[in-house]
Amino acid sequence: MPVQIALWSVAALLATAIVGVARARAAAGRVLVYGTSLAVCGVTILSALIHLLAAGGEAATLALPLGIPWIGARFRIDALAAFFLVVVNLGGAAASLYGIGYGRHEEAPQRVLPFFPAFLAGMNLVVLADDAFTFLLSWEFMSLASWALVMAHHRDAENARAGYIYLVMASFGTLALLLAFGLLAGADGGYTFAAMRAATHAPWVMPLALALLLLGAGSKAGLVPLHVWLPLAHPAAPSHVSALMSGVMTKVAVYGFIRVVFDLIAAPSWWAGMLLLFLGGATALLGILHALMERDFKRLLAYSTIENIGVIFVNLGLALAFQANGFAAAAALALTAALFHALNHSLFKSLLFFGAGAVLSATGTRDMDRLGGLIHRMPATGFAFLVGCVAISALPPLNGFVSEWLTFQAILLSPGLPQWGLKVMVPAVGAVLALSAALVAACFVKAFGVTFLGRARSEVCSAACEVDRIPLIAMGLFATLCLLLGILPGLVIDALAPSVASVLGARMPVQMHVPWLSIVPIAESRSSYNGLLLFAFIAVSAVLAMLVIHRFASRALRRAPPWDCGYPDANPATQYTAVSFAQPVRRVFGTVVFRACEQVRMPPPGSLAPARLDVAQRDLVWDGLYAPLARAIGVASQRLNVLQFLTIRRYLSLVFLALVGLLLVLALWP
Amino acid sequence: MEGLAFDIAHLLAGGLVLVSFMMLYQDRLYALLNLFALHAVVLALSVAWQAHVQGAPHLYITAAIALVFKAIVIPVALHRIVQRLGIHREIETVIGVGPTMLAGMGLVALAISVMLQATPEADPLAREDLAFALAVILLGLLTMVTRRNAVGQVVGFMSLENGLILAAAGAKGMPLVVEISVAFSVLIAFIVIGIFLFRIRERFDTVDIQALDRHRGERR
Amino acid sequence: MSLAPGDAVAAILLIPLVTAALLALLPGYRLTARLNIVATLLTLLAALGLLAGERPQPGLYLLIDDLNIVFLVLNTFVGFTTSVFSASYIAHEIGIGRLPRSYLRFYHAMYQALMFGMNLALVANNIGLMWVAIELATLTTVLMVGIYRTHEALEAAWKYFILGSVGIALALFGTILVYVAAHPVIGEGLEAMVWTTLMQRVAAFDPALLNLAFVFLLLGYGTKVGLAPLHAWLPDAHAEGPTPISAVLSGLLLNVALYAVLRFKLLLAANPAAIAAGSLMVTMGLSSLVFAAFMLYRRRDIKRMFAYSSIEHMGIIAFAFGMGGPLANFAGLLHMVMHSLTKSAIFFAVGHIAQVKGTQKIAEIRGLTESHPLLGWGLVVGVVAIAGLPPLGIFMSEFLVVTSTFARAPLLAIPLVLGLLVAFGALLLRLHGLAFGTPHGSTAPVEASYLPMFAHLALVLLAGLYLPPPLVAWFQHVAAMLG
Amino acid sequence: MLDLLVQGAQMALVLLLAPLLTGIVRKVKARLLRRRGPSVIQPYRDLLRLARKEAVIAEGASWLFRVAPYLIFAATWVAAALVPTFAIGLTFSWTADLIAIIALLGSARFFLALAGMDVGTSFGGIGASREMLIASLAEPAMLVVVFTVALVAGSTQLSTIAAFMVSPGVGLRVSLGLALIGLVMVAIAENARIPVDNPATHLELTMVHEAMVLEYSGRHLAMIEFAASLKLLLYLSLIACLFAPWGLAGAGASATACAIGLATYLGKLLVGAVALALFETSIAKMRVFRVPDFLGAALMLGLLGTLLLFVSRSL
């Protein structure tokens, strides 16, 4: 039954897409398209939740006579799929809601409306798919739809380049997955996931498949060094689509990875876990460092997505390592942390992109160094964005912290692992995670501080005005969810339990019975956390302190020019900008990671010219990997291109040589 | 009788290969045309002999076509063209004669070695014939490849095609031989006309194919 | 009305022949164009009737079996749609005076003659007849490629002509060799050239002769298929000829030549001692794929670019058939059909685009999705399909090819995937230039017949999602037949 | 019931002791510099006076600027209230383990940095960016220390760790020593003490914490100062509870035990204050961009401790 509902909603979405083609230009069309998407997503969430909680998420399957004829299109909802359905459609619903209002500012609706529902449909299908063909078809269809959305503002050359790199990387990933599935399916084409589960593979298959899978799913999720397309493509799309791509599509990639590695291959090995740990750690650190260096806030958010993907993959690596050594409970803990973080990230990243979209439509610029002081102009957006920043910075009592905390709990269990490599590596990765978590805080202090606080750096933002109500509702919804998940983590963990159990066969202890709704991953004596109480304490004591002081001390307030050590400067250019905020971090890390170099050009004494600080930094991954590749292809095509300009005689000689060659082969054939 | 028949067929086929070699060697246009005429005559003879041996009268038609069309009409036509176009008498060959001859030798060796893999049960006459025919074909291709000049290439192509006719005639009781030879004559007629209608000349003032190649959709 | 089987075959052959003669005589543009369409439609109906009804017994000359009926239906269908497209295309050409009216008869007559040649080559049960038919088809296309009489057109036609003739010669020699191989077993006369007979008795043939024959046939017909390094004529012929002819070339003639190669591969496969014909096809297929993929990057002429993409896809198809096995063969058939439909659809779009923009230079065409949404998005869908993206048909065939190959011969899959990816990058790069960005050049509306293009694309989309069971069963049977 | 009492007592106690601790440190420093220095209760006076003054805030300041001090104070207070000082058995000790407590301080810092950027002055920006840099280096070091300790005690729950530390099974361990040093270094950095930062300065390009709070005055400044001294107290009691948990009253202990615990706790604080003052006077402030090396050293010590722990365990 849930499968049918899900498939019907996918069909409804596709129908909506067609409507979008027809009625794109009319305002009614906008409301219709986004409204329908919202309703459909809502229905899907409900059915998935019911399936997950009430039915305990036992697998329900369905086969349609589509796709590869003798296999058909298989669909399946188990607990894992149900969970990701919730993630996908939650993001989808919020984005649709946001779009109803935000879409008004869209100058090319006919390039957005048709593809938005199609994109949602594609993501849903990936989660539903139960055979390789359907999976890859939906996977690539998802990429295609999102590509079209990235190309919505195609007149901008930057966007076009982003779209190109994105689609090429996507099809590279798809080809890698294609090979992986070919490997798992075997020569006689057992393309159904059921067949793959049942199949027994040669020992060399597993590592190869895993590597290919890392290429495929990793390139979609944005693992370093396959991440280059992400910070280009995500910001290029309209903001609610960016929210979907960053918040949801990357999760779909994570789903694909979990599905294959934990469910289909299901032959965990500790070195695979180690590989994931390494990649995840590197991704997290590099992603957040890039984000810190950015001054384009949508690109900053995209880079921070890379960081979160890194965290998720670290958790997956831990889960693999634990599972390989038979530590079921620990593996369950790590996987729960991964799923929890995926959910959290989809929430606050969407929220942040919504805020970014609001700022973008209000000011028309993505450059933080031209913004500032927006908290006065757009208070509601500012508050929602602040909640998002606190959540993504993994600060209690919001949801980001809970998953981070679970991750550290899992890391603290690693000493039990027998392999020395893991023993030594996990603490190091833990330190890296802590480092990147702290950098995230720095990054979002920068993002919020430079964009919303301080004084307006340009007239565009002193003229900005708050977005209309519907987008604010979407943001408020997600902000509330961030808080709820933060203070009631036990509910989420229990809700995740069936999904975890469905792939690992183990689950975390039930949290609902713990008094005061606090969470206890392993044992009361070992570690516990209670977001609800923490929240209550902070709220109470803050209010208490305020009341006491206002009651017994003074409550007088006077506005005055800023003090600033006696050197107040009216010029807003004297504020710290995004670039200058990142300067200490750039000094410490940038010189290594980005070959960053700063040089100050002082005017000669006596001249009134301003001193200039020039900052130059390079993306080593691009320089080291992609640029050479592009160059190689260029050279090869240049060399071969000679063959287009030969004389007929030379072409004849080619034929002649081919003939002689084949005759020689025949003459020498045994 | 059988032996004699075999020897004569062998002789004629070998003669054809020999003439091909001479054409390969020859770098004067008129002489090349004359050699081609000779080539055609030898072909006609050998086809006729095959007709006699196999007792297949229809092959005489093929022989006749070869004799009339290839040995007389075409060479004359090409003579005309060469005069009309007034192309310089020298054929600038691509590589020197020596290497060309060596290559030709190699090709013949290759042809024979490939052919001899065939089981002897296939009747020896056909087998030898095919070996020589293959040699002629390869040599014809070589001629085409080593000539810069359209007429030279046409001649090469026709010698190649002679090899085909030889093979077809050699194949005992092969149907459609006449049709095929006719079809090929048509094809060659097309080629000759292609030059003769001066399409190429009026556009490019020469039959030199390199001139053609200069006019190309995508210039570098 | 239901045709008797013999009549259907006769119709498929005679309708084009008669129409060709008729069109050569009739004056007047509208009439001839309509007649052209009607004739192709009738041929299509005949082919469908043949598909539906029972089949005639194979005779000395003609044969209808599962293998060639696939090609036949595809051939007549694309022939029909192309004639519809050609009507509006040629109307425009005459309107701008690029094509003198006097050539019209010639053009339409040649079109029907080409149809006749290809159909004959497909239904021929006789290797000699097949050879003659393919030669005929080649010659007609040569004449049509040169029809514009420009430097480039003539040069392309000449190149095509010379290379084609050499190919024909090689193929003929291969045919003779097959006869010589068959002759001791079957005996003299026509019998030794009949497919059905050959297939029954081939096991006893001399393998060495068969191998030699296959080499010549592969090179000879491979020249028509456009496999590298025999491809040289293909890009220019596509680029310089009238676009309907480019569509027919890419969509049909290449298939017909491939069909011939397949037949002979079957022949060799049935002889235990012969070499593995598949390995040769795999090699040439891979080389064509990779070569064409890299060639795509430097193209400046839009039609020439898609010609190279045809080479690439022919490479894939040859590779698939070379690999053999039920999966790969199925994929090869599917890919062939899908490629014909998609590529001709692309050429339909490109033809109108080149007409409205007045140029074929890629650099001078920009932002089509804005200036001409229908053409632009049609092109986008077509290129997306040809690049192998879902949900369109080619994705399925490529899925099957790659997966089955990787499971069987991982090392072969690497160049395959490499070629696919490189080609994808090139096509997308050009597509971005053509379809997106600020429009460039004339934005005048174009009177185009969109029907053929979107009909093809719709079919391709449908096939990508759902293949009707009878079609599948039939394909599977053919795939099994191909071994 | 008693536990609840203890919890309440602790919340009041930290509030009570924090300014005193600051005062003691200042006093000792002054003495060491041969000055008489303000009396140890001076901080209380300052706080009261500040609280009574009217608050002057810059024109550009937003609501965040006014809310932040209370949030910072509250978060720090809650954190401090959850660290066992004189007794283990706190009712709400399970609300947050060590990691959560550190994260709470992180939240406080987050809002402090935002408040620093709110008015839009150059000093505020300097302070915020440098504070976040220092934090980003201090947190991993702290986590590695926690990792070492948690490895030894098998828990991140402070009460459990403390209970374990007093048990005889511990003995002297190199890795714990390294962890201690690392923790001390982190504590110095976190509390903006010399050599990382100078709490006494008010007009220096190298100031970090003070630069952020430059715009604050009146009750807001009082809240922030209070939070700062609470933080110092927290770190001292954290060190005490982790590495010198002697005399801590067990869960549900008698009043006398609590009294003993209290006495020992005060003693520990005194020692800590004196030690801190000694250290601060004996060392010079370092340049801002030397701080990463300083904290990097702490991180290395922590990791070394962990590895040594593995070695000693595997033996």
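Remarks
Letters are used for the chains, namely A, B, C and D, taken in the order the chains are written, and counting of residues starts over at 1 for each.
In this text, a residue touches a chain if its C-beta (ideal position, glycine included) is under 8 Å from a C-beta of that chain, and two chains touch if they have at least 3 such contacts.
Not measured: the values here are computed from a predicted model.
For the interfaces A-D and A-B, the C-beta contact count is higher for A-D. Averaging C-alpha coordinates per chain and comparing to subunit A, the farthest chain turns out to be B.
Mean C-alpha position of subunit A lies 35 Å from that of subunit D.
Here the CA centre of subunit A is 69 Å from the CA centre of subunit B. Chain centres here are Cα means. That of subunit B falls 100 Å from that of subunit D. With each centre defined as the average position of its C-alpha atoms, the distance from subunit B to subunit C rounds to 31 Å. Multi-chain contact residues of subunit C (touching two or more other chains): 158-159, 162, 166, 212. Chain contacts: subunit A has residues 644, 646, 648, 652, 655, 659, 663, 666 touching two or more partner chains. Counting partner chains per residue, subunit B has residues 114, 117, 141, 144, 153, 209, 212-213, 216, 218 touching two or more of them. Of all possible chain pairs, those that touch are A-B, A-C, A-D, B-C. The residues of subunit A lying in touch with subunit B in their complex are 644-649, 652-653, 655-656, 659-660, 663-664, 666-667.
Chain contact summary for the complex, subunit D toward subunit A: residues 48, 51-64, 66, 70-71, 73-75, 77-78, 81, 92, 94-97, 99-100, 103-104, 106-107, 109-110, 113-114, 117-126, 128-130, 132-133, 135-140, 142-144, 147, 150-151, 154-157, 160, 202-203, 214-215, 218-219, 222-223, 288-289, 292, 299, 302-303, 306-307, 310, 313. Taken in their complex, subunit C has these residues touching subunit A: 158-159, 162-163, 166-167, 170, 211-212, 215-216, 218-219, 223, 229-230, 232-233, 235, 275, 280, 291, 294-298, 325, 327, 367, 369, 384, 387-391, 395-396, 399-400, 402-408, 413, 417, 420-422, 424-425, 428-429, 432, 436-438, 464-467, 469, 472, 476. Those residues of subunit B lying in contact with subunit C across their complex are 114-115, 117-119, 121-123, 126, 130, 133-134, 137, 141, 144, 153, 157, 160-161, 163-164, 167-168, 171-176, 179-180, 183-184, 187, 190-191, 194, 199-200, 203-204, 209, 212-213, 215-218.
Residues 65-70, 132-133, 136-138, 140-141, 144, 151, 154-155, 157, 160, 163-164, 167-168, 171-172, 175, 178-179, 181-183, 185-189, 191, 633-634, 636-638, 640-641, 643-644, 646, 648, 651-652, 654-655, 657-659, 662-663, 666, 669 of subunit A are the ones that touch subunit C when the two sit in their complex.
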